[in-house]
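In the two complexes that follow, chain A is the common piece, with chain B as its partner first and chain C second.
And now, the complex of A and B:
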């Protein structure tokens, strides 16, 4: 029986592990946290259907129950070496693993909004990120300014840490556009009186039902979209924020006071992914994510033999795309192991 | 004094604190399809008037959304109501009705209700 180590028990990792154990391989799923689900575990509702994120977590737990693979929680890979063509992975707890194949499903990192200083995250009171908002929504907290007042005007800022050389990321994070639309709709439901604006450069509604949700936001939820990137924000005496942008569709500068600003932060290669790249000596893309062997036909292969890629360690993806991608990775690993024995 | 070479330049910045949303509200109430404009510019590309004179339907729509109603009356009268814009609109907006509502709205808010600063200014200009 071949052994496969899957690194990361997020959406992609659990799917890959479950599929591989279904193919009859011995699978060990390594997770650094004490819980499964990765960033999904902290999310409240999902676009484009606005279903609870917990439903996906439940289906993952179901797969773990049904599958016959081992999960090592609170475990990090601390040392990676190769001997006689075999990868040797050592964990922080002193366990040594010698798998026949490895699947990296280490996921993405979140852009640290403090790096975009001119937007005032962690400097001004009423600037939060999309992740902070999701956390508030999950906890059922009321959406208020720090002084306790109900926000009358809210601005979502798209592309924070994406498509921006100044913050070190050229790539598009793909899912923030629709996340902004989803969260704008949720805020409209919670704050029917508030004015809600989205400041965008392009709205990339590429996925299934994304465009429909965008249209719904315009049509039924009175969310207003302004094309223009924020240059800066400054705080007023009453803790509201003065923001500046160009209204590029009318070709004129624009200023606006808002009570609450939500930064739609992007996805980038996480620290874990970068460390794994060092350990396995993997190539990274211009965007910092792990470079697949071939962007069209070998998306789940890394530049090293026996090391496979699943989910957002290669590029930003939705939950659904991550699951598909992880299944594809499982098939590639299965074929690789089958052919290995024929050789 | 008229030959004095300096004057105070008015700011070009769209200031949301000066927002006159009455016209927008009026148009949206009577023509809800106006909400879903994508600002693609299809209307402007095919516009009979816009091909001959300086008239931009799409930009006019944006300005109403920003509460910038100044100069609107002069702009809106350039429309010939041919309706070609409606044939190309990817979101099926009844643009001709939007234009008619803007015309009505301008009159309504100038005469019936307390005019906003920007419309008041216009009254003096014409």
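And now, the complex of A and C:
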């Protein structure tokens, strides 16, 4: 029986492990955290259906129960080498693994909003990120300003750390537009009296039901969309925020006071992915993610033999796309192992 | 507002500032509008800090204002900059200190141009040699004069006669800091604290006992903008920019404004008079304006220099309210008396602002 090590127990890792185990391979799923699900585990509700994220987590747990693969939690790969054509992976706990194939499913990193200094994250009291908001929603916390007042005007800022020369990320993170729409609707439900604005460059509603949700946000939830990228934010005496942008549809500069600003932070290659690239000597593409062997026909192949890629370690993806991508990776690994024995 | 967040940003934007042996590049307009500032800078460095700094009478303007007004070609300004580097080289210095923020932006821009496009450097060497017979080395360290005062702010405070504390109440004075756009907005890495939350002046204010006023329009340009005031018809834009800042800072009741750029100091000071004359509006207490000082003037006051030796009588807005708060004694009769003891003549008092 061939052994496959899958690195990362997020949505892609669990799916790849589950499929590979179903194909009859011995699978070891290595996860650095004490829990599965990666960033999904911290999410409250999902676009475009607004279903609870916990439903996906439950389905992942089901797959783990049904599958016959081993999970090593609280385990990190600390050393990667190759001997006689086989990869040797050592963990921080001193375990040595010698798999026939490896699937990297290390996921993505979040853009550190502090790098967008002009927006004042970590300096101004009432600037939070989409991740901070999701955490509040998951914990059932009331959405309040730091002085305890209910925000009357809220601004979502799109493309923070995405499509932005200054922060060094040219790529589009793909999911932030629809995340902003989803979170704006959720805030409308929680704060019916608040004015809610989304400041965007353009809205990329490419996925199934995305455009419909965007339309609903305007028609049924009174979310106002302003086409303009924020130039800067400052804090007022009462801790509200003065924001400046250019409304590019009306062609006028715009200045507005808001009580709460939510930065829709983008995806980038995470530290784990970067370290794995160093260990496996993999090439990264210009966005920093792992470069697939061929962007059209070999998206799950890395430049190293026996090392496969699944999910957002290669580029930003939705949860659905990550799962599809992980299934594709599992098929490629299965075919690779089958052909290896025929050679 | 979280100070720790700002400290994190400041940590990311610290620059190397030479410790001694400086070649001083003066400003053209500061010597006219705030004639005590560069005098104070040299005195502080030489007499208080024991530093070696060379003040060269052979200097010219950097031509920055002409360059930004599109009347000086890039080749010309590069050659003028090169000449100043040649003067520095001839005197055996490598640490270039620039008094003016416009010049600092110019020198930084040209320095970076030469790094990216070495052919421009070679062309400039050829032009300078042909025009003057001079050759030059590039500076090893290039700083703005405010960087130097920032570097030695604690040493200056150790010799203090006064601090930024209200002598009557013991409360810290509230100080607005205004950084010239060309200090760090062009090259954030070249400014202490970067472009968004600069530390160069706020560091001085905090070290000297004051409280920094961070108001919503802090980053906004003073309105100098070169064309905005050079073209008479556009001058309203310039005043409007300063007015926007005054309106924004007014609720915080600042005791003073300090700037590190000649244009900003001039406009933040003089536009208060223009606004008072046009709108009968003043932004300080009791019909006064908000005193506007350069950082060297403020350092001079901390060190106990006479306000009139520092040239504070040349300011449009009276500095006396600040002097009173700091507990600085001064002789009002000497305000318009020259260093030779002769009366210079007092200006007419404006109707709406003091």
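The rule is short, and it goes like this: the second predicted complex is superposed on the first by the 343 of 343 C-alpha atoms of A that agree within 3 Å, B and C clash if a C-alpha of one lies under 4 Å from a C-alpha of the other, contacts with A are read in each partner's own complex, and residues count from 1 in each chain.
In this text, a residue touches a chain if its C-beta (ideal position, glycine included) is under 8 Å from a C-beta of that chain, and two chains touch if they have at least 3 such contacts.
All values derive from a computational prediction rather than experimental measurement.
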{"item": "Partner chain in contact with A:235 - chain B first, chain C second, else both or neither", "value": "second"}
{"item": "First (chain B), second (chain C), both or neither touched by A:125", "value": "second"}
{"item": "Touching partner for A:297 - first (chain B), second (chain C), both, neither", "value": "neither"}
{"item": "First, second, both or neither for A:114, with chain B first and chain C second", "value": "second"}
{"item": "Partner chain(s) touched by A:1 [first = chain B, second = chain C, both, neither]", "value": "neither"}
{"item": "Residues on chain A engaged by chain C in the complex (per definition of touch)", "value": "114, 117-118, 120-125, 232, 234-237, 242"}
{"item": "Contact footprint of chain A on chain B as seen in their complex", "value": "12-17, 32, 35-36, 39, 58-59, 62-63, 65-66, 68, 91"}
{"item": "Contact footprint of chain B on chain A as seen in their complex", "value": "215, 218-219, 222, 224, 227, 247, 249-250, 252-257"}
{"item": "Chain A partner contacts - residues on chain C that touch it in the complex", "value": "1-2, 4-6, 8-9, 194-197, 214-219, 251-252"}
